[in-house]
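In what follows, structures are represented as structure tokens.
The same subunit A turns up in both complexes below, where it pairs with subunit B and then with subunit C.
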Partner chain A sequence: MTRAFHVYIGFLIVFIMAPILIVAVVSFSGGKVPEFPPKSFSFQWYDYALNYSLFTRSAVNSAWLALISTVIAAPIAVAAALAIVRKRFPGRDAIQTFLLAPLIVPSIVIGLSILLGFATVGIRDIFFRLIGAHVLITFPYLVRTVIASLSRVDVTVEEAARTLGANNWRTFWHVTLPLIRPGIIAGMLFSFIVSFDNVSVSLFLTSARTNTLPLAILSYVEFNFDPSIAAISTMLILFSLGAAVILERVVGLRKVLGV
Partner chain B sequence: MMKTRTALFFLTPAVMIMVALLVMPVGYLVRFSFFVGQQGAQTAGGFTLANYAKLLGDSFYLGILGRTLYLSLITTTLSVLTGYPLAHFMWKTSKRWRGMLTILVLSPLLVSIVVSSYGWIVILGNRGVINNALIGLGLIDTPVKLMFTNIAIVVGLVHIVMPFMVLSILAALERIDPLLAEAATTLGANRLRTLWHVILPLALPGIGAGTTIVFSLAMSAYVTPAVLGGSGPNFITTLIYHQFVTLFNWPFGATVAALLLSVSVGIVFFYVRVLSRVGALGVQAR
Partner chain C sequence: MTTVELKKVAKRYGQTAAIDGVSLAIAKGEFVTLLGPSGCGKTTTLRVVAGLVESDAGSVSLGNIDVTNIPTHKRNIGMVFQSHALFPHMTVEENVSFGLRMRGVAADQRSTNINRALELVRLPGFNARYPHQLSGGQQQRVALARALVIQPSVLLLDEPFGALDRKLRDTMQVELRELTRRIGITSIFVTHDQEEALILSDRIAVMNMGCIEQLGTPAEVFERPQTKFVADFMGVANFVPASVLGSRGPLTALDADGIAVESTDAIQAATGATIEVALRAEHITIGEGDAGTSSNSVAGSVASAVYHGNASTYEVMVPGRSGQRRLVVREANRGATGVRFATGAKVALSWPSGAVRLLSR
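Entry: the complex of A and B
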């Protein structure tokens, strides 16, 4: 490979990392506006962000939302994946495509549909419709990771358990589940991140009182430009990159993303 | 092998949530797009095609739709030009580096989009990293306006959608039999000719899949045009937001959303149907 090619690759990697790295550097600045490189160093914006109730309250909301949605979606996804992988039936591919459909529908359309759909049937509780929307957007990722890990399980191991007298339930609980557990946990971790970071689906479903962290950040940036956002962002980056390393080790990031 | 009854029992909850949370709500959205629309009309009724006529007959809205398609097209083209070399590099690099590179290339997807948008503000702003550097070097006297321009939107969009292009192309490259390139070299082709006549044609399915994903993602992005493109409706998604949240014209907003939905589903359908027939499809629409 030529030198020009390597320079171009280097440039692309800088392009990918630039906004993320610069946010991290700016978060430690001592000034009132984000400057790069910072003229002075301080932790004041971390202190500010962690004590600002708008951020802390919405962060708690986001964490609960991500946790509840994932816990609801995961068992449904495991059951569906089991049926898709372990049973040959006509229309299996169609069902699988149907369950992955939320990935094709633009997320802003999903958010609006939930808003209008829930309003039409008379459900106006904000947390309820947020959970509905987030179950829908996390579900396909869970289905995909569980299918990926189930397909790698050797069927003869399950057959051996049955030959030795275990019924279907015991086979699942003592043989299949332990084998796919890393995949399920990885899927749940990714699902948590997808929900926690989501903007375009939640956009129409929150209110000024019940907000998620990404939306709180978005509305804060509209009127303020101080480095407190950089401080929160850096904490989010560390969390995401930590999760990314775990996901890459356990199932491989590309399996989770499906490309 | 599972019993049919058990399989049905296992699939039922999944199909139920898809119907309750996707099929029915989207149905309500489409129905809303036929309601009589007016400003402040959150609850509406009747049946009319006027919303569609307004959307497709007014030069203001057509301008926004055209701009959305134009910027998405540029974003897709740039994603191929940046994504192919990255995928090729990842394909050729050793196993040890590939894991780290994967995390690096995918980091825009894992880091919240509000975070990277904020990063681009810091970089592209009038007193941002680029302008400060250019002024510091004495190349310009007054800041170049980068924020709230098409450039800012395209930069932000390429940053978040390119990983999908890289992964799609990489998947296609990994299916290439390494002996093919070797055979081409043995038969006297140099590296460039091997790339052009052997590798690129085999990577085309990946480029096709990537183009489909990237174009629909770019077109339906909200945060990037909202934050980097400035205030006011300048993109199909910000137009939807404007209609719903600022003007409270729900039926018209639903019409724009229905159009966005049909275009993105149409692209995927076109890809699966047409491109697979001409043989440019080795990668399934996953």
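Entry: the complex of A and C
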């Protein structure tokens, strides 16, 4: 590698990391307004953020929402992946593309269409609406990771189980499921993060009383401008980083992303 | 240990017939090999017996029970795959134990059976290892133990040694032969390797384009191929079209493109009919000088000479009625250094009438 290439890579890393680092540094500010570099350091904005009820309540909402949507979407995604990878039926490729559609369609459009859809059917419960929407947006990530891990399972291993006396269900339970478990766990972590981070779809479905963390942050900065936002952002970054480390440990990030 | 019977089994994939009316009856404890090139339908036939492929027509019986509509997991078969197909997340013991667990065998009974099966394949004490910690040969032995521990009524083997290197394959062949004979299990073996088929089998079914072309003992299939395809697959190098001249005492006289040929094979076609003469390269004697005027001999010139170590192969051009014809001759090396005849040398070829096979076209 040439020197110029190293410089180029270094520049790219700085370009990507700089905003994140600035946020992290600002979060430890001792002043009243976000400034870089801060004149003094303290944990006061972490203290403030963790005790501010708008943030804590919406964080709990977001966590439950992410957890429930993921737990609902995961088994559906596994079933879909099994059908797509193992079965031959007409329109298989079309269905696979269709299942990934929420990745491609602008999420604003998804949010709006879900709002209209639920209004038409007459479902008013906000949490129920949010779960429905988040199952939809997390589903493609789950399907994708499960398909990737299922494609790596040798079909003859399943056939061997059948010859040894296992019916379809026991073959799945004792052989297929243990072999794709890392993929499912990775997909669920992904799904959790996608749901937890989502703004554009939730925007259409939340109310003043039932809010998610990203939307709470958004409405907070509309009227306030202090480093508490930086503190929350830093905590979210650490949380995502932790998830990435777990993913890397469980399966390896590259495999999960299918690259 | 049971009989296996296939009756007119057929399977199509789209427009092509993978197997086209295969019938085969296998006796108790018999070792039968399905032999043929890739795409001949041998693996599909095996998978139909296993129930992994649903046939379009025909029936499969194990013992006297028609299992055509019985799913794989209720057929009580043992199967070994080329890719060994061990469960990668289970230890050797858990792998071998799987079939017993599916049958609800009690734990203490299981461990006795597992250890006996592992002894059978000469892997005692490997219980706690994982498949990736084993060599290719050991993995295949575990797969064999896993298939045998459930005491299947028939053992199915799909090119089990295809992924092993030659030396290991030779050892495994001898072991498998010895093992299946000792426990007397009915076995169906699939391979494209004729030598492997000859070593292992009680009978060989040579398959081509979804049909069994010839079924017989290894000696029958090797010595008396009935079609050009079987002869070719069994390594016969020389085929010459010939017209039948008639019987001469115990022999059949033919005109093989200008070469006078006599065969001990009984006449299968009317005088004047065109058939095919097949002659193994190693059955032709090569010598110096001119050929006589008698049958089963011809003069020619060496077009190529290749030294193989234990044998030499010559391509000899001989004059035929329709132009130059190439005959392949293989001679065992007995103390000679290198090839005995150089390219361009004039040689005489001859062969015994007993080596000439007559094949209908």
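Assume the second predicted complex is superposed on the first by the 243 of 259 C-alpha atoms of A that agree within 3 Å, B and C clash if a C-alpha of one lies under 4 Å from a C-alpha of the other, contacts with A are read in each partner's own complex, and residues count from 1 in each chain.
As a convention for this text, contacts are C-beta pairs under 8 Å (C-beta built on N, C-alpha and C of every residue); 3 or more make two chains touch, one makes a residue touch a chain.
Source: prediction; values computed, not measured.
Undergrad: Report clash or fit for the pair subunit B and subunit C bound to subunit A in the combined superposed model.
TA: By the criteria stated at the top, subunit C and subunit B fit after superposition, with no clash.
Undergrad: For A:S233 in the superposed arrangement: first (subunit B), second (subunit C), both or neither?
TA: First partner only.
Undergrad: Which partner chains sit in contact with A:I246 here, subunit B, subunit C, both or neither? Use first/second/both/neither.
TA: neither
Undergrad: Of subunit B and subunit C, which one touches more residues of subunit A?
TA: In the superposed model, B touches more residues of subunit A.
Undergrad: A:L179 in the overlay: touching subunit B, subunit C, both, or neither? Say first, second, both or neither.
TA: second
Undergrad: So, does A:L67 touch the first partner subunit B, the second partner subunit C, both, or neither?
TA: Neither: A:L67 stays clear of subunit B and subunit C.
Undergrad: May I ask you to decide whether A:A161 touches subunit B, subunit C, both, or neither, giving the answer as first, second, both or neither?
TA: A:A161 sits against subunit C, while subunit B stays out of touch.
Undergrad: Once chain A of both complexes is superposed, is A:A133 in touch with subunit B (first), subunit C (second), both, or neither?
TA: First partner only.
Undergrad: With the two structures placed on a shared chain A, what shortest C-alpha distance in Å links subunit B and subunit C?
TA: Across the overlay, subunit B reaches subunit C at a minimum of 7 Å between C-alpha atoms.
Undergrad: List the residues of subunit A that touch subunit B in one complex and subunit C in the other.
TA: Dual-contact residues (subunit A): none.
Undergrad: Which residues of subunit A touch subunit B in the complex?
TA: Touching subunit B from subunit A are residues 1, 5, 8-9, 12-13, 15-20, 22-23, 26, 33-36, 73, 76-77, 79-80, 82-84, 86-89, 95, 98-102, 104-110, 112-114, 116-118, 120, 132-133, 135-136, 139, 143, 168, 193, 196-197, 199-200, 203-204, 214, 217-218, 221, 225, 229-230, 233, 236-237, 240-241, 243-245, 248, 253-254, 257-259.
Undergrad: Touching subunit A in the complex: which residues of subunit B?
TA: Interface residues on subunit B, with respect to subunit A: 1-2, 4, 6-8, 10-11, 13-15, 17-18, 20-22, 24-29, 32, 82, 85-86, 89, 92, 99, 102-123, 127-129, 132, 159, 162, 164, 167-168, 170-171, 209-210, 213, 216, 219-223, 226-227, 237, 240-241, 244-245, 250, 253-254, 257, 260-261, 264-265, 268, 286.
Undergrad: If you look only at subunit A, which of its residues touch subunit C in the complex?
TA: 154, 156-157, 159-167, 170, 174-175, 178-179
Undergrad: Along subunit C, where are the residues that touch subunit A in the complex?
TA: It comes out as residues 50-52, 71-79, 81, 83, 85-89, 98-99, 102-103, 143, 146-147, 150, 156.
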